[in-house]
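We call the chains A, B, C and D, going by the order they appear; numbering starts again at 1 in every chain.
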Amino acid sequence: MSASTIIFYIVSALVLVFGAMSVFTRKIFRAAIYLLFSLIGIAGIYILMNMDFIAALQVLIYVGGIIVLIIFSIFLTHQAGDKLPKPLFKRIVAGASMAAFGLIVVLGVFYKTAFKVTTEAGIDHSARSIGRQMLDYHHHGYVYPFEIVSFLLLAALVGCIVIAVKIQKK
Amino acid sequence: MTLDNIVLLIPLLPLLSFLLLGLAGKHISVRFSGVIGSVILGASLVLALITAYDYFFAIGKQGGEFIPYLTAQLNWLPFNSDLSINLGLVLDPISVMMLLVVTFVSTMVHVYSLGYMKGEERYTTYYAYLGLFTFTMLGLVLSTNIFQMYIFWELVGVSSYLLIGFYFSRPSAVAAAKKAFIVTRFADLGFLIGILMLGYGAHSYDFFTLIDRLSHPGSSYLVAMTGASFLGMSTLTWALILVFIGGAGKSAMFPFHIWLPDAMEGPTPISALIHAATMVVAGVYLVARLFPIFAVGAPDALTVVGYVGAFTALFAATIACTQTDIKKVLAYSTISQIGFMLFALGVAGWGPGKTEGFTAGMFHLFTHASFKALLFLGAGSIIHAVHSNEMKDMGGLRKSMPITHITFLLAALAISGIPPFAGFFSKEAIFSAAEQSNPIIYWVGLIAGTLTAFYIFRLYFMIFWHKTPDAHAHNHEKGEWAMMIPMMLLAVGAVFGGFIPFGDFISATGKPLELPIELSHIILPVGLGVLSIVAAAILYRKESDVPQRIVNALGGFYRAAYRKFYIDEIYLFITKKIVFKLMGRPSAWFDRNVVDGTVQKTGSLTIALSHAIKRVQSGKLQAYTMYFFGGVLLLVVLLLYKFA
Amino acid sequence: MEQVPLAHLLILSSALFFLGIYGFFTRRNMITMLMSVELILNSVNINFIAFNKYLFPNQLEGIFFTLFIIAVAAAEVSLAIAIIINLFRKFNTVDVEEVDTMKF
Amino acid sequence: MNILSLLILIPLLTVVGILLVKSDQLIRKITLAGSALQVIFASWLTAQYVSLRHAGATAQMLFESSRVWFRPLGINYHIGVDGISLVMILLTAVVVLAGVLVSWKIEKQVKEFFFMLLLLSVGAYGFFISLNLFSMFFFLELAVIPKYLLIGIWGTGKKENNAMKLALMLMTGSALVFLGIVGLYFASGWFGGEHTWDIMKLSHMHLPMNVQVILYFLTFIGFGVFTGMFPFHTWAPDGHSSAPTAASMFLAGISMKLGGYGLLRVATYLMPDAAREYSWIFIILATIAIFYGALATLMQKDLKYMNAYSSVSHVGFVVLGVAMITKVAFAGAVLQMVSHGIMTALFFAAIGMIYDRAHTRMSNELGGVLKQMPFIGTVFIIAGLTSLGLPGFSGFVSEMTVFVGSWVHTGIFYRVATILAAASIVITAVYILRATGFAIWGTITRKEYALLKDASWNERWAAVILIVGIVLIGLAPFLFMHLINADVQEIFNHLHAG
């Protein structure tokens, strides 16, 4: 068992634990911080899988952007230190049973499926090759979705402003 | 003018009177409306006399017997190629006789009403109704078709209804009108079913076709209808009994008699016309019309007719002895006399020497019309003078109402069967017919006849004697010529009507028939009649306490008779308690709560269901996600394990 | 890292996914629900990367999808937070149980 | 253009006319003119029909014409009339005219009111002339919706609820009818070789018994709901009680007859074998309706409820006549439809007139109507006498025809049904005379009633028109009998041919 494997399990455990804590804690600010750690852990897993670019993006967007956004929104809507209300019991029961059942189903599927793992060396995962293929419009390029996503981001930008802006009463 | 046109005009003239006075009544001065009605009816009477003369002495007789003369035929309601309701007019001895009776009495009543109804609020309407009644009654007697008779049967019922309810602001009049209509309607149900059976059996509704097909032994229709039996009687017997039930209803036979005494709520001339002389004898006329079928096809049914008639004659006579309202006494007397007519028909048969009862019944119908109408008109003028129906308010009126007194006395003698008045001849004929064929009926009839003389003279003495006349009383009859003349004319009929050689004209077969008057037969009935008159004179001529003592001695029986043997109460019980409470109310309840309740419940169930389902649309985001996710899971599981 | 079987990565991602689901179902605060959504999205990303790495190393599609998902997630979060803030202005709460006027 | 289409076109043009003008008075006048024109046209059409028949026209339907409406589904605008539809058209024209006259004084939303009335009449005319099941159904639906609005907007009492109940029950009925005719359409394809909605073509196809049975029950019950057949009649009392006078007249006078016509023309005529086999079920239902409807009527104090229940009882005769499957009974059913249509319209008109003045319909609260308002009182009595089957009026003719037609069957079952039906006329007499005794006769119960006015000109004309209709049938039934005789014979032969 190599060191990277051991690190993987440790990181995975951290991801799950922080994820769980983020879901279960009753302090909203802490939830955000736990989520932050969980997301960082996921970035670690990407690094362990040699997906450096993705890991970088993960940290940049999630940790740097989304979590900050969330924390801002928490500040906008909450008194600091407020405890969150207890979840409804019926939701806990229903949610837990559904999640458990779903997990069993999914794991069952994974268990039955024989994945053909190849060990052959893959192509380059560097940002350069990713960028090449993504912006290629000849061979399996993703320039079209890329444009759409950029448009989506623009729309989201405008949308946020429209939704969040205070309507002036006449 | 040909005879056909004349015959057609006889009923149409009163119809014209009805339409004229009914539709244009507002534009006719009240002074003239009665006169118009009377004149039109007078014209009708004249035409009827011409018709009768023509028929009896010119065209009716062929080969020594009277045959029916049909005219104005109309295929009114064709059902099938072989079955239809035809309207038409028929002249034969009984219809012509009825024609005379109806037009004569109706004219008398029209004239009488000029005086009696003077100053009434709905005077014109009254004459319009009179015209309607006369039209429908004439239509009834001239019917060629049993369905046509049923049509006019219903129409006379409704004109009777309208006239009984003439004083419609009086609750008792409204109730009486309703009762009369409903009781007869109920009986008519039997008539209708009887008609349906006859029509189905004989493939015709025409009287003469029916008679032709059902009164010849060996005819295929007769064989078919007497062959099938139900509850021990042949189809034909059933049909005729049902038809007779209709007749019994209209003729107020037991147990349908209850409407007639109440019908006295109508104006008195109406009682004279409709409820004494004409409409109530329609049942007798109906049986007479179908007599050959009764006699040949279903003698059992005829026997039923006889017993019902005899029982009613006695039953009604008993009640008549106890009543104190003079119109009620006369009403029960009418019921009793119609009983006489019916049992006369009932004791008759088919074949030589057996048909005397038929002629006797018809004869009594004829004479009864005049003397009973007279009695009622007399009662009317008394009520007009005294303003009361109760005997106790009368007494000693012989001085102040001399004409009424004399005519009333003549009529009373006639109804008691004292020679030589009209009733004597017809009653003798009835008794002699009954004695020959059915002793039970004969003796019952004899007792009823004795009672007749008693109650009518009880009435007579109570009205005109009983108290000492008031010497200073003014004459109530002064200036009432419109009322007196009809009474005198009717009195002529009551006195001399019996001398008509009735058998020469009217018989079951159409051939002349001799009605024998034998001394040996006369003595008993006449003797009993005279005895009861004497008894009535002793009891009621002067005020005394003897009648009360007799009443006390009779006790319960008297009370029962006075309360009309509680028949009304039984009817009330059946209608109020059974039909209304046990049938009507549950039906209405069932409909509202069960049938409609089901509909309403379906509706409210749907609403409840939608209320239940709408909870799903809770507005809770997480609930929606759960449904969604649950659905996805379900689909996944299904796709994985079911359809894999 | 080569010794880690694919299955373990999948187990990790599924566990994370259903943690997210559970959180989404039970949290009453809309912001924490949003966090659960982030967990869900990330678990999906792990899957894409893992499949790409283990099964189709010659392609980059898994990475592309992850990239798009991250982009869409960014848009989604910003919109969601805009909506949440707007709702907070209207209802003065971010409790999802109380924002239920869109019903029968 | 085929002249029959004028039957639809005249009311439609009237509708256009009233939409174009503003003044209420002008709207009334245009509607009146249109309905009067329609009566004249219907009479002319009848005369034309009779003369064609006399000239020897032997086709089952006259004035026939067919135009494609929607080709892919084989829906044609196929029209034509025989004697039966003609008398129904005459009935509709007369009742519409009377209804318009009675509604003259309506003040609320005049334009919409007459619009609805006319739309309803368009539906009725279209229904009676249609020979294509689909267009028939189209017109049937067209006649339902206006009723809902007429009651819901211009009604009284619990009008919304009652309008809803009526509309929903009728819709259920039409849903069944729709299933039935769609079934016929497909059955014609499977068993007759050609998908068709056409009644004339369908009548020549011989469908298998089990198919016929299903379709027979679907259509019979469906149209039965419209007829007010027991136990699907409860829309009638409630609907009538809330409906404005004219709507009541249309409802009982025309709408119930749509059902009756459908029973004869569709349910019985197109499913002959099933009809012969299973009509006994409907004989039972009809007998129950007749007898029990009459008993339930006994207990009604509200005159409208009384007449509504009495309608249930009377329309039972229609169902009975149709279910008896004899030629005479068919004729009786048709006559009863016409007779009851006019009679009940007259009755509702009289009740409406009384209600408009006294503001009550309770027979025990009224009294002395005849004294105060002789014309209205007389109209009520005439309607009542017609209802109880007095000869000289139309009810007698039709009921007797049904009885005579029913008596043809010799089985004890049929006899009992007929006798019970006949017994109902006694009960009818009881409730009619009770109502007359309480409400019309007697003395005035309240002081303010002494100020009430008798009928106005429009009410008088409405009543007179209807009474003329009643009396015409009552006195000269042979006219109508000759008109429908050949056609009921045809239906009867059809039922016994195959």
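Keep this in mind: contacts are C-beta pairs under 8 Å (C-beta built on N, C-alpha and C of every residue); 3 or more make two chains touch, one makes a residue touch a chain.
All values derive from a computational prediction rather than experimental measurement.
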Chain at maximum distance from subunit B, centres defined as averaged CA atoms: A
Chain nearest the global centroid, as defined over all protein CA atoms shown: D
Between A-B and A-C, the pair with more C-beta contacts: A-C
Computed distance of Cα centres, subunit D from subunit C, in Å: 67
Whole-Å separation of chain centres (CA-atom averages), subunit A against subunit C: 6
Centroid spacing, where centroids are CA-atom means, of subunit A and subunit B in whole angstrom: 104
For subunit A paired with subunit D, centre-to-centre distance based on mean C-alpha positions, whole Å: 73
Two or more partner chains touched - positions in subunit C: 21, 24-26, 97
Subunit B: positions in contact with at least two other chains: 622, 626, 629
Contacts with two or more other chains, residues of subunit A listed in rising order: 91, 94-95, 98, 102
Every chain pair meeting the contact rule: A-B, A-C, B-C, B-D
Residue ranges of subunit C in contact with subunit A within the complex: 1-12, 14-29, 31-32, 34-36, 38-39, 42, 45-46, 49-50, 53-55, 57-60, 63-64, 66-68, 70-79, 81-86, 88-89, 94-95, 97
For the subunit A and subunit B complex, residues of the former touching the latter: 91, 94-95, 98, 101-102, 105, 109
Subunit D-facing residues of subunit B, complex: 75-80, 83, 85, 147, 150-152, 154-155, 158, 161, 165, 168-169, 171, 174-175, 177-178, 181-182, 185-186, 189, 192-193, 196-197, 199-200, 579-580, 583-585, 587-588, 590-591, 595-596, 598-600, 603
Contact footprint of subunit C on subunit A as seen in their complex: 1-2, 4-5, 8-9, 12, 15-16, 19-20, 22-23, 28, 31-32, 35, 38-39, 42, 45-46, 48-51, 53-54, 57-58, 61-62, 65-66, 69-70, 72-74, 76-78, 84-85, 87-88, 91-92, 94-96, 98-100, 102-103, 106-107, 110-111, 115-123, 125, 129-130, 133-134, 142, 145, 149, 152-153, 155-157, 159-161, 163-164, 166
Residue ranges of subunit D touching subunit B (in the complex, touch as defined): 165, 168-169, 230-231, 233-235, 237-238, 292, 295-296, 298-300, 309, 327-328, 331, 368, 370-371, 385, 388-392, 396-397, 400-401, 403-405, 407-408, 418-419, 422-423, 425-427, 429-430, 433-434, 437, 441-443, 477-478, 481-482, 485
